[in-house]
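Heads up, the next two complexes both have chain A, just with different partners, chain B and then chain C.
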Partner chain A sequence: MNPEELTAWLRRFAELVHEHRDELTALDSAIGDADHGANLDRGMTAVLAALQEAPPADAAALLKKTGATLVSKVGGASGPLYGTLFLRMAGAVDGGFAPALRAGFDGVLARGKAEPGDKTMVDALGPACDVLDAGGSVAEAAQAAADGRDATVPLVARKGRASYLGERSAGHADPGATSTALLLRAAAETLR
Partner chain B sequence: MSVGIVVVSHSRALADAAVELARQMLPGRELAVEVAAGTEDGGLGTDAMAVSAAIEAADGGEGTVVLMDLGSAVLSAETALEFLPDDVRERTTLSAAPLVEGLVGAVVVAAGGASREQVAAEAARGLAPKEAQLR
Partner chain C sequence: MKKLINDPADVVADALRGMALAHPELRVDHENRVVFRGDGPRQGKVGLVSGGGSGHEPMHGGFVGRGMLDAACAGEVFTSPVPDQVVAATQGVDGGAGVLHIVKNYTGDVMNFEMAAELVAAESGTEVVTVVVDDDVAVTDSLYTAGRRGVGTTVLLEKIVGAAAEEGRPLAEVADLARRVDDAGRSMGTALTSCTVPAAGKPTFDLPEDQMEIGIGIHGEPGRRRVPLAPAREVAEMLVEPILSDLSFTGGEGVICFVNGLGATPLLELYVVYAEVAALLDKAGVAIARSLVGPYMTSLDMAGATVTLLRADDDLLRLWDAPVVTPGLRWGA
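Take a look at the complex of A and B:
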């Protein structure tokens, strides 16, 4: 992968996060601490500024800078989680998007210690990685992430601030799974 | 040289107040206590890079014990370890203790010259006095 296509992906993700900022925050105010949209918007704005200020020479450096910026600037749990996703992607990007995303997903699992069905970003990211590993297109992976997001609606949260709400967390899509579906949608729109 | 203490919180005010409360136990004594709390713009949140810098600042060679509030404070502290030099990381302990109670116990034994293991153990039993009182 080259830095140009990754930058296009991140730019589109930042746009989508900005457009859906209020929706992400509304979901998070229903089941969490009401900061996901604002946090991720701030983080991705900082990422674009960092990439513009000193454009990294290669894909790995670009992903590393993206991850390091997110762990610093987001503020909430999505900072270390999305940050780790990109930091781990940096180590596997030589193999292409699918192995990079899988390495990122493994990093998210190790960092957050969530399992499928816990009502987290794992429920969108895992199905997307499975589709890519099976040879599916990025568009099909994005659809799998969106389906995974929708499947979080009836779930009871077992991780993060939402887990304090117990049964009351059911009935809303998980904010993290929702933003992850946007990340894959941005990929489908920008990556071949 | 004593073990250093690091406080990671979503809130700068919460962290500063917890440190003030703990330092009350150390009249006239020196101890490196560093805070990494809140976002750059003064809001609620945590910053793994700031945690990493606080650990390096608190580490005088004997290592550090890190106390956290909840959620992203824990994830940011774990992430911060990745950005530390190997030797500093190896002598950093992330404590599962409750922030206020653990911090008070930790600073007292750290200022007394205890090892990192002893400081972490004291933090971990931070709830014991309260539990004994309310039994």
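Take a look at the complex of A and C:
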């Protein structure tokens, strides 16, 4: 992968986060603490600024800078989780998008200690990785992430602040799974 | 939204600027958003670092000073600080005796402090021990949740453990004491109104005029249930009963009883609640050894209160009574 296509991906993700900022925040008001949209928007704005200021020479450096910026700027749960995703992708990007995303996913699992079905970003990211590993296209992976997001609606949360709601967390899509579906949608629109 | 702010994006930075000017005895690192004791780091003293999202003032920055915290990291409103802040705080308070991280049990706080501790371990020889506070009985502690939230016990813990560190107790002992305080404290809260996060611009949740939320979290996370508004006597019962049924508070040296305001509830009402809580404890045979009443752990402009009971012993009471000089708590000095 080259830095140009990754930058296009991140740029599109930042746009989608900005467009959906209020929706992410509304989901997070329903079952969390109402900061996911604002935090991710702030983080991706900082990422684009950092990449613009000193464009990294290769894909690994670019992903590393993206992860480090998110860890430094976002806070909350999404900072460490999205930050770890990109930092781990950096180490595996030589093999292409699919192994990189799988490595990132493993990092998210280790950092957040969530399992599939806990109503977290794992429920969107896991299915997308499975599709890519099976040779599917990025568009198919994005669809799997969107389906995974939709599948979080009836779930009762077992991780994060939403878990405190018990049964009351059911009926809303998970904000983290929703932003992860945007990440994959951005990939489908920019990567091939 | 009606707030005394400039730009919602600048709330934390602007407040830290005011805090630095109002309390010249503190040193504020504006770049990293860390409040330090002005006379630190103290050689040979265990450094106490806490922090969390902003919006809970005076917790945590207002608890920095002699006999309490050495540094507090201020995150964005209701958002945990980032690892870089915690690393800066940890390095800034290291007096050679190690550093204790006091972390409220929220997923984001735990992960960011964990990443910071990993970075400190990789970069320096500073020994860091982390204690996670989880005292909210509104939340079920089970495999199916992120565990109990850290609330009111945090304030009492920071005071008590701060006094122990000031005495020169070693890191392992200070950390053990912190765990002991966490084990002995339980809290429960109620909200009458939502709070409004400045960046969101509107209330986090809708709570009808005639209803209140029992078991509210300090970020506006919904609680156990919604019930019709009731007299303070009945509300106190709804808060005290789950605490007493979770842990035995009878015998020993009694309890430290902490009635906390969430931001918009006046002290007048907090004393009304305190009177009802005291009556309930008397009926239950629980002796009150010390009390604390006031807005010490707020949730922006939320109306409501939390009750915390901490089972005390002679050692804890002596440490509670020890001098403390911070913007938020100040006595004996």
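Keep this in mind: the second predicted complex is superposed on the first by the 192 of 192 C-alpha atoms of A that agree within 3 Å, B and C clash if a C-alpha of one lies under 4 Å from a C-alpha of the other, contacts with A are read in each partner's own complex, and residues count from 1 in each chain.
Definition applied: contacts are C-beta pairs under 8 Å (C-beta built on N, C-alpha and C of every residue); 3 or more make two chains touch, one makes a residue touch a chain.
What you are looking at is a predicted structure, and each value in this text was computed from that prediction instead of being measured.
Partners chain B and chain C, brought together by superposition on chain A, clash. Here chain B and chain C are compared by how many residues of chain A each touches, and C touches more. Using the contact criterion defined above for the overlaid structures, shared-chain residue A:Arg168 touches chain C, although it does not reach chain B. By the touch criterion defined above, A:Val71 reaches both chain B and chain C. Contacts of A:Ala34 after superposition: chain C is touched, whereas chain B is not reached. With both structures placed on the common chain, the touch criterion links A:Thr25 to chain C but leaves chain B unconnected. Once the two complexes are laid over each other on the shared chain, residue contacts for A:Gly160 go to chain B and to chain C alike. When both complexes are overlaid on chain A, the residue A:Thr180 reaches neither chain B nor chain C.
By the document's definition of touching, of the two partners only chain B reaches A:Leu87; chain C does not.
Looking at the shared chain after the overlay, A:Gly79 reaches both chain B and chain C.
Common to the chain B and chain C interfaces on chain A are residues 33, 35, 39, 71-81, 111-112, 160-161. Per the touch definition, chain A reaches chain B in the complex via residues 33, 35, 39, 68, 71-81, 83-84, 87, 111-112, 160-161. Interface residues of chain B, counted against chain A in their complex, comprise 39-40, 43-50, 71-72, 75-76, 78-79, 82-83. Residues 25, 29, 32-35, 38-39, 42, 71-81, 111-112, 156, 158-161, 163-166, 168 of chain A are the ones touching chain C in the complex. Taken in their complex, chain C has these residues touching chain A: 53, 75-84, 106-108, 111-112, 114-115, 138-140, 143-146, 149, 197, 199-200, 204-205, 217, 219-222.
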